[in-house]
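All remarks here apply to the structure that follows.
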Amino acid sequence: MKIVWIAPVGTGRFDDRILSFINRIRRSDVDAEVIHLSPGLPDNLEYHVYEHMVEDDLLHAIVDYEKKGHDAAIIGCFYDGGLREARELVKMPVIAEEEASIHVAATLGHKFSIIVGRRKWLPKMEDNVRVYGLSEKLASMRIVQFSIEKIASDRAGYLEAVKRESHLAVAEDGAEVIVLSEEASFDYDDLLDLQAHLGVPVLDPLIVGWKFAELMADLKRHGIAHSKIGGYEAPPTDELKRFDC
Amino acid sequence: MKIVWIAPVGTGRFDDRILSFINRIRRSDVDAEVIHLSPGLPDNLEYHVYEHMVEDDLLHAIVDYEKKGHDAAIIGCFYDGGLREARELVKMPVIAEEEASIHVAATLGHKFSIIVGRRKWLPKMEDNVRVYGLSEKLASMRIVQFSIEKIASDRAGYLEAVKRESHLAVAEDGAEVIVLSEEASFDYDDLLDLQAHLGVPVLDPLIVGWKFAELMADLKRHGIAHSKIGGYEAPPTDELKRFDC
Amino acid sequence: MKIVWIAPVGTGRFDDRILSFINRIRRSDVDAEVIHLSPGLPDNLEYHVYEHMVEDDLLHAIVDYEKKGHDAAIIGCFYDGGLREARELVKMPVIAEEEASIHVAATLGHKFSIIVGRRKWLPKMEDNVRVYGLSEKLASMRIVQFSIEKIASDRAGYLEAVKRESHLAVAEDGAEVIVLSEEASFDYDDLLDLQAHLGVPVLDPLIVGWKFAELMADLKRHGIAHSKIGGYEAPPTDELKRFDC
Amino acid sequence: MKIVWIAPVGTGRFDDRILSFINRIRRSDVDAEVIHLSPGLPDNLEYHVYEHMVEDDLLHAIVDYEKKGHDAAIIGCFYDGGLREARELVKMPVIAEEEASIHVAATLGHKFSIIVGRRKWLPKMEDNVRVYGLSEKLASMRIVQFSIEKIASDRAGYLEAVKRESHLAVAEDGAEVIVLSEEASFDYDDLLDLQAHLGVPVLDPLIVGWKFAELMADLKRHGIAHSKIGGYEAPPTDELKRFDC
Amino acid sequence: MKIVWIAPVGTGRFDDRILSFINRIRRSDVDAEVIHLSPGLPDNLEYHVYEHMVEDDLLHAIVDYEKKGHDAAIIGCFYDGGLREARELVKMPVIAEEEASIHVAATLGHKFSIIVGRRKWLPKMEDNVRVYGLSEKLASMRIVQFSIEKIASDRAGYLEAVKRESHLAVAEDGAEVIVLSEEASFDYDDLLDLQAHLGVPVLDPLIVGWKFAELMADLKRHGIAHSKIGGYEAPPTDELKRFDC
Amino acid sequence: MKIVWIAPVGTGRFDDRILSFINRIRRSDVDAEVIHLSPGLPDNLEYHVYEHMVEDDLLHAIVDYEKKGHDAAIIGCFYDGGLREARELVKMPVIAEEEASIHVAATLGHKFSIIVGRRKWLPKMEDNVRVYGLSEKLASMRIVQFSIEKIASDRAGYLEAVKRESHLAVAEDGAEVIVLSEEASFDYDDLLDLQAHLGVPVLDPLIVGWKFAELMADLKRHGIAHSKIGGYEAPPTDELKRFDC
């Protein structure tokens, strides 16, 4: 079985980090591939217009990997941008980080909190919670005031901030589970330490996204994948060809 | 005051129809412009991937019209695609058809129903209702089984179908207000007749979208426009230049 | 086009202030009238029983202004008292401050907060949010501990309190938009300064109520007004005569 | 212990019927009084403006009965009009039919349906369900197309219609409990027969309202009554005197 | 009329306290019985597995008391454990503390807060609020950090903690009503003092549970009890015999 | 890796069927065990009191399998009975059929419907949807009028009924995904045919429950399991010993 993780940015600088994380957690019967998009595209998705900029490449990549026979693709960003469009275009399972993470989180405890980098991120991520139907399970969203750039350049500081806000989420907001909104943002051992420190599960969207993709790739073999009636109905084949997509 | 209506499709075939509608309803102190996007782009937005395809052009158009000094822009599609990104990029009010229509509808009666062309359209349109916070006021969404193409080629049949489903929405679902999801889909007089026949207000997203844009353009003069803290925070100017947007 | 603003109290002491505010914001094609109710009636609506006391006069005024040919009436109190009854009695648009303000607010950002004078006001105003269907968009309601009387006698102190609580609403509660519950409570320039200071739109119910009334008066010309099927169904004409209403 | 049932209409034509019903269900240690309001007032509350018309008399009656030392008052109309104002004015428990009925209904089964006379009644009654916080327990509201006048003049026909719609509520909407919105609308034995026929509890708002009033009158002795902090805060005594209320 | 209060624990150490409380509040026409379960069963229900351990005895007790002709039974624990099963087995009203308390609380003010002993208790108690349909009326749940054991051994300290957290619930969370989650946890006079101190009603689940049981026992005489169609449908008689229940 | 499927009934008659199903879907690196409970216990869980009867055995089995070193246990009933208690007692992942099935369903389409055997089952299953936080994603629950006994004795008739109601759920209720509430109720090939016939994914709780358990067993290796702070906090070890659990 083959699954591709797509970093929807125009830089490969995180690819090794992500692949080494995946190699730590993937099933031995699943091959992992990590790719990124064309150079020149944004190297972060802080803004929704950047999500738009990368979407074209992202969708073509997903279509290509389905053609190559992959079993699932993961969109590696917690905004879940392009999910609706991707599921229109392919039958292969397409996994989105936030969707996968919060559904798993909801099964692990009474309520979960999401730790968010910047205030900017919060509205779309909270709207996603609403659209995915899980508002009732959301204890809080807490902001650590770290941009993606700042996370990458100061992982120790970010870890401290996440520890602090997660602790507050557990102690004051009633969270029993913590969901991170940035994938592989700590070293694996730091993540384990953080869980031990907080005493509650901490979901990294890379880990949960990947494992959920393995689940969905398995289910696909039994005919179970995203529904093609309704919201994910595909455009007519001839129209798609005309638009070269 | 100047407001631009953007048909987010690669065809101008509806422009005259829309402009003549707007001329019927616009305030005399407001200039109307109706534009469409580049040829070759999809001529309808049945599918979300088509929404994606037109978004680049759409966003550039909105940015351009702000630079030209327009007072508001309207995205002429009930999916409200690109709204988040557009509001990131400009300070000028950007109006979306579904958002404007259902907020006005909510003030006119106990509950409203949305008449939807195809089942395909329903999930995103209903998710929008959730995100806009109005699920409690939604009586139902009823499907008339008309694609955009079929609406354009059989307006009489479409009118009959809308009449039938709207009547059922009022009689069985408890709707006190009807919201159409396709703009200017009838002649103006047919719309008045439909209202008279049903006995409830029927909101055409072109009429409500336009008038709401006039309202927002007015409010902008008093410093009121979409918030730039949080979800609509703009990307840094220098980054945007780099990406030529 | 003619619109009447009704101060539902037995004093005209705020009329000039309100009229001068309206003159600043009204369209040039709309005539403004500001009226108050009979002397002896309560001069504020802190309590719901006061709302009841003024309602008779209020309803008669609304009916009279419809007969005079006005295009819309605004009930000038954020409790929105008498709205249901007024819409039963007339076909002319009747605009309520809270309803208009929060629907506009909902289109301007992820969530809004309402700044409330006294705790006493909060339950009905929050129940209104529920009934209007917008609970999901409400970030918080914050209390400044000012009665209507105290607002009128200490506008500077009130402005400070609003500034403080609005800032907290934005910084701690996630509000991207602020809604005031007392109309024209600052001078127009102070309002602009407050917006600049906070960096988010601040909705004065007088401004938004008035502009929404202009919108609704426009829409009325196209047959769109509150639905007369269901909740706003009018009593039989002969019964109303019997009760002299 | 003494409890007064107030028929908020200007006619005493239902008083005997209601009193004989109450005598059938009241505790022997509770004295019952049934009153109506001034002649000339509406003899039904089909419309919200009629609710307004009777409210003055209604509030004065409630204040009077508190002064007389009664232990509770019941507002005998399922719109629950005047509840907020009444609870401002007195400390004695004031019971409203819909509020009492649906809270009891919610404890008796998974979901309840409300049988409504006319479509006109539905929006306010459903808004009450929202404000009382019980939307999640509402299976449906079903309309029998009977005005209050028609109920009074054709009780047999009304009983048939209620039986039919209640059966559908149970069979198709998932209701496990039926709530009537018109008090004492059948003879007591017919009510028992209806329950036997349907196999589910059927709540007459007179029975439930009365028994809930007995409960609240008991609780009052232990210091428990509606809260006087917040929404039911009373106006200052001197102000009330000035307004003779 | 006879009502039994069942302390669902294997100890009688609270029976006298509870009976003396009930004797203070019961109607003179209602006989009270207080029982506990078999020795060896848990003496507190801090954990859900303890709820399970006592449920067998609890259900048999409820069935027995129905056979004896009692009019209602009360499950004396705020987790409401066994309610669903008990209502399957009997037709006699079975009252649960949390269900009764929060429905009454909802009628007394805008929102209520529940004071919870330990964080452990909160998730199930909040899930109950959801299932009973009252999430919208819940202001907050506040934790005093007292186990049942600690409450029993330090009532003065517990009273202080409840006073402190209740005050915060009223002052900061918007609660107009306080609901306790431990029955008879103060002396009756302390409860009255607490209400006077806070200025809002404080609901002891023993008082409200008992009075609600009296209400339901009364309603049973008019054919009103929990619905036996749907969720509370009883197992076939012969099957139950086989399982000796 | 070893996972145990527990049929919470006192009969082994379904064990072979379930095991053969699991063998079809399990990962080759996961060992499957299927067990049932003590003879004499109910052989179906139509009623909640039967759920209670089997819970003791069920909990002891789960504790035992954790001691044996298993990686996860699945409670094989769509009522999810005993989940809260089981998660208190162990750290090993405990998977419940409904919880797992509806979270997966929610990721596969706009809304899902649950096909329910008998009306009796519906309230608890719908309450579970609420407690799990997914009410917004539930299109409908449809009843096929088959008891567990009848399903076992007439699988062909049951299949027809499921096909009919699922079709209606898709065509009329807006379901894009179907969730079954009885595990392994068809042969595997019939399930595939049903999916092909309906054109939407059909989730058998056995398949989804099992695969979700594999996911959770994997996640456990990275420290992620149900939270032990809050609702699933375990009783003190010494207390548990005393109660022999």
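Labels A, B, C, D, E and F are assigned to the chains in the order they are written; within every chain, residues are numbered from 1.
Simple rule for what comes next: a contact is a pair of C-beta atoms (placed from the backbone, for glycine too) under 8 Å apart; a residue touches a chain by one contact, two chains touch by 3 or more.
No experiment lies behind these values; they were computed from the predicted model shown.
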| item | value |
| --- | --- |
| Contact distance in steps, from subunit B to subunit F | 1 |
| From subunit E, the most remote chain by mean C-alpha position | B |
| Averaged-CA centre spacing for the pair subunit F and subunit D, given as whole angstrom | 44 |
| Chain centre separation (subunit A, subunit D; CA means) in Å | 52 |
| Rounded Å distance, subunit C centre to subunit D centre (Cα mean) | 31 |
| Mean-CA-position distance for subunit C and subunit B (Å) | 27 |
| For subunit E, residues contacting two or more additional chains | 109-110, 122-123, 127, 130, 135-136, 174, 176, 229-231 |
| Pairwise touch network: line, ring, star, complete, or other | other |
| Chain-to-chain touches, reported pairwise for every pair that qualifies | A-B, A-C, A-E, A-F, B-C, B-D, B-F, C-D, C-E, D-E, D-F, E-F |
| Subunit C - residues contacting subunit A, complex | 109-110, 136, 174, 176 |
| Complex interface listing, subunit E residues touching subunit F | 42, 46-53, 55-56, 59, 82, 84-85, 88-89, 119-120, 122-124, 127, 130-131, 229-231, 233-235, 239-240, 243, 245 |
| Subunit B-touching residues of subunit D, taken from the complex the two chains share | 122-123, 126-127, 130, 135 |
| Residues on subunit E engaged by subunit D in the complex (per definition of touch) | 25, 27-29, 99-100, 103-104, 106-110, 130, 132-137, 170, 174, 176-177, 191-192, 195-196, 199-203, 207-208, 211-212, 214-216, 218-219, 222-232 |
